[in-house]
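You will see chain A twice below: alongside chain B first, and alongside chain C after that.
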Partner chain A sequence: MKFYVCIKQVPDVNAPLQIRDGELLQDRDRMILNAYDASAVEESLVLTEEHGGKVEVVMVGPDKARETLRKALAMGADNGTMILTDRPDLDSTAYSRILAAFFKDKDYDFICCGKQAQDTDAGLTGSMLAEQLELPYVSNAVGLNYENEKLIVRRQGDAGQEIIELPSPGLVTCSNDMNEPRIPNLKGIMQSKKKPVDSITPEDLGIDIGSIELSTNILGFEEMPERETGKKFEGDPDEIAREVARLLDQEAGLV
Partner chain B sequence: MINFELTEDQQMIRDSAREFVKRHVAPDVISRDSKKEFPRNLVQKLAEQGLMGIYHEEAYGGGGFDTVSFCLVIEEIARWDASLALTVASHTSLGAGHIALAGTHEQKEKYLAPLTSGEKLAGWCLTEPGSGSDASGLKTTAVRKEDKWILNGTKIFITQGSVGDIYVVLAKTDPDKGTKGITGYIVEKNWKGVNPGEPIHKLGMNSSDTTEIVFENVEVPLENQLGEQGKGFIDTMKVLDGGRIGIGALSVGIARGAFEESMKYSQERQQFGRPVGNFQAVEHKLVQMATEIDAARILVHRAALLKDRNSPYTKEASMAKLFASELAVKAADEAVQIHGGYGYTKEYHVERFLRDAKLMTIGEGTSEIQKMIIARELRKEFGY
Partner chain C sequence: MNTILTYISVSDGKIKRSSLEVLSKCRLEAEKNGLKTAALIVDENASSLAEKVRPYGPSEVYIVEGSEFKNHLNSPVLKAVSGAMNTIQPKVMAFASTENSKDILGALAANQNAPALPDMSEFELTDKGVKGKRPVMAAKIISRVEAVGDPVIISVRSGSYDLIESPSEPQIKKLDFTVTEKEIKTTIREILTAAGDKVDLSEAQTIVAAGRGVRDEEGRKLIDELATVLNAGIGASRALTESGVYDPSLQIGQTGKVVSPQLYIAVGISGAIQHTAGMANSKVIVAVNKDPDAPIFDITDYGIVGDLYKVLPPFIEELKKLKSN
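Then we have the complex of A and B:
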């Protein structure tokens, strides 16, 4: 069974966001493997450990994001491909086009993606990629099993779980609820140095990254405006009620 | 030599250790401290991560990483649980460290490999009721009797004393020769006459195991002599040099914990209408901590780098240990102060940091002993 997992490097959501001159500050210590992708890597590893097969990871990003690819290899993925680009403004359309070009001549059973990336939370790349590759597709999986060469995918609903059969080749996007991704151990870190990583460019895939079509543009980053402090009312309950009603009507325009 | 950026390997190891500690170590640390229980399950998990022999040779199951990586891991563990960091540091650099330094190939295969894999734990037996840093005064004896050494004596304050499986024991073989009459031995706990005592109650480091061990007519096979006869003291000094780097890293971890908890608390705690962390009195404490933590870490990593390059590092290791351990106590003290009444309670982490930190200025040579070592090295440098 051959898995491809698409991964992305994102800013650590637990570290406070720092914005300077309209640019997001992205220092090395604050960049991590997207948590949803980590779950996709983990689930692919568990399935191939049980049923045999290989896990290959592929990432679109700048050269300095390589360490994130290495983390997936340290977790246990067999090899990786780095599609190098320095363009910081790629959107889901562009990512999915680059990845579709990469997968065009590849053999695989399943492609796994995180259901979204923690940087933009757009959650589009997986579905756009499935569309372009014309693959059967299940989104937002919370559990995967492998039976009779098919993936049995569990999706979470409000009242229960939906169980879907996904034939090979197919694409599934993973929720981070499905597992607790393993932490690379020292052996894994050591081995990850020796695992093969292909470095290619979008041009190698026939894509001119300079003129790649984006469907959206990032204009800039702004700090969250500080929330105004709430109003505190003291005194006679009847008067307070009257005052609150007046404010809701006249200032908030809600009544 | 001057490069303040971690290598990719070092960064990966630190990040993995940080993730591990956050997931497995941080959650129950307050309860482990109050129950004074040795966390075997956590040590097992650390072993699965490969963290029980980080810098030992891969040929003997070690990680084959450098001493800076080891320091990074110890700092990450100590950030939350100094007791556990002490277990890892003493196991790796004292017990296993002595075998790695002076052991034969056979000894390393038999004893070092199960230590680096974490299958077994090491205890290092130097200190005695009557002798600490003055190792020449130790009273434990090893007497040759036919094809055995007979070991007799009492060791105290042995980390992993009762949970350990393999001990390195320093004993006098030639009582007239002073420090030149000391030899090391590898002793297994389950041998006849090896009697670990009950855990000693301590001020801090509560979930690290410390006991006395009485050796009573213990028969040690000749092949378990560790290093040359009479060279035990020289090896001991080298082992301690390495150990002090670990204590330095552990101290940096405690100080960082004290600082980070204080930073968080002082921004959340409001008094007189603003966060207490915005009063200059508190600000200055935080700034002092942050600055000195960076300085301590640089001293520790410098010593680690020198060790990895096989350059002399006795002075640098002592400087790092002295500065970092004094800082750990100071930072933990300030952290309790910044937390006020809450800091004095066991609901918060900082009172534990203060109790744990105090061992740092004592274990593996007190601050006063570090100053003796540094002064001696300085005199050598100046030709006196």
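Then we have the complex of A and C:
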């Protein structure tokens, strides 16, 4: 069984950030493997460990994002492809077009993506890619099994969950509620250094990255409107509990 | 070309309020820009729901009906919506952000070769397309974004806009739809509906949410009691959905649901940004936490510092008393 996992390097949302003149300033050293992609890598590894097969990771990003690709290899992925671009403003459409060009002549059973990126939460790239490759897909997977050449996907829907059969070739986008991604051990890290990584450019795939015109743009960033600081109640639990209940009734009219 | 089209989300035969919020806002945008407002209902019983969107003022209600829509599956819905877009040629196609609209948004954008802006908290039309705001970085900050194109596809977070009534006498137009078995490549094997009561958290007026601090049966009973007194929906942090204590569909936050009730009571929840990403837009926030430095207190209107096992019983008792008066 051949899995491809599309991964992305993202800024750590827990790192402090600042907005100055509409620009977002953040610690560029705190870049991580997108948590949802890490779950996609993990699940592909679990499935190929059980049923046999290979896991290849693909990333579109700048050269310095290689460390994140290495991390996926250290987790256990067999090999990787780095599609190099320094363009920082690519949107989901651009990413999915580059990936679609990459997959055009590839053989695989399943493509796994994270369901969204932790920094932008857009959640578009996976199904954009599926549509361009004319693949059936399932989004927001919280569990995967493999039976009779099909992925049996547990999808978290609005109210409940659905168990969906996805034939090969197909694409699935993964939630981090699916598993706890393994932390690479020393052996994995050592091995990852010897694993093959192909480096290519969008131009190699027939895409002139410089001339891609984006149809969505970020105009700037702003702070969240601050919430007014409320009251904090400390002391005798019985007293403060009753006081807040009364305030919810009197001040907020919510009882 | 001259229409703003709103997709009406239907769940269990009921129209989701959040899509009517979007329709209300789209009508205002349409009026401002001299465009028509239309609604699209894709459902097994779509015709019978058309009447329900009338109060929000569409001039046309498009209907796609079929047994394929009994349970959500992306390929038939995608085919129905892209078919409708090909026929209607809207300037903007707007969705409420739900798990089911997220399921097709990207594919639809690729299919229509249209830009997409998901999970907007504000939007307006421009002469080039759409601009607006969306929370990013686990909703720590807001990103101002624009899409240039015609059509533009957007989805809007629930609670971003109010319902505004402006009844109309819309034309009901049924769109032809067929889908072959070969086109639907995936199959639903089973539906696992969430256990317990089915309050739609994205529409709930009051939510009581439990976190890791709720550590046992006794704690869960207190949560149930509190929710009952307040007629509230129950939500949970990832700590408790991950461990299987609460149903995964109750998870609130970045991975889970985004909610915006009038009252949100966080019990034993620390307030990690990935949790607050889903609830910081609540009108009034109450937290019960024994750690006075818990980050949740940064966004609460009423913060109760204390052990939930000691705080909740008198809290519930007092609420009952107030209710009976």
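Just so it is clear, the second predicted complex is superposed on the first by the 204 of 255 C-alpha atoms of A that agree within 3 Å, B and C clash if a C-alpha of one lies under 4 Å from a C-alpha of the other, contacts with A are read in each partner's own complex, and residues count from 1 in each chain.
Going forward, contacts are C-beta pairs under 8 Å (C-beta built on N, C-alpha and C of every residue); 3 or more make two chains touch, one makes a residue touch a chain.
Predicted, not measured: the structure shown is a model, and the values here were computed from it.
Student: Looking at the overlay, does A:V41 come into contact with chain B only (first), chain C only (second), both, or neither?
Tutor: It touches nothing on chain B or chain C.
Student: Check the contacts made with chain A and report whether chain B or chain C touches more of its residues.
Tutor: Greater contact footprint in residues on chain A: C.
Student: State whether A:I189 touches chain B only (first), chain C only (second), both chains, or neither.
Tutor: The first partner, chain B, only.
Student: Is A:L144 touching anything from chain B or chain C once the two structures are fitted on A? First, second, both or neither.
Tutor: A:L144 sits against neither chain B nor chain C.
Student: Quick one: classify A:L90 as touching chain B (first), chain C (second), both or neither.
Tutor: neither
Student: Thinking of the overlay built on chain A, is A:G157 touched by chain B (first), by chain C (second), by both, or by neither?
Tutor: second
Student: Taking the touch rule as given, give the residues of chain A at its contact with chain B in the complex, in rising order.
Tutor: Those residues of chain A that touch chain B are 28-29, 67, 70-71, 74, 180, 183-187, 189-190, 192-193.
Student: Using the touch definition from the top, list the residues of chain B that touch chain A in their complex.
Tutor: 8-9, 11-13, 15-16, 19-20, 23, 48-51, 54, 58, 63-65
Student: What residues on chain C touch chain A, complex-wise?
Tutor: Against chain A, chain C makes touches at 11-12, 71-75, 78, 98-100, 102-111, 114-119, 129, 131, 133, 135-149, 185-194, 198, 200, 202, 206, 230, 238, 241-242, 248-249, 251, 254-255, 262-263, 273-274, 280, 284-286, 292, 297-307, 310-315, 317-319, 322-323.
Student: For chain A, which residues are in contact with chain C within the complex?
Tutor: Within the complex, chain A touches chain C at residues 11, 13-14, 17, 19, 22, 24, 91-93, 96, 118-132, 136-140, 142, 152, 154, 156-167, 170, 175-177, 215-224, 227-234, 237-238, 240-242, 244-249, 252, 254-255.
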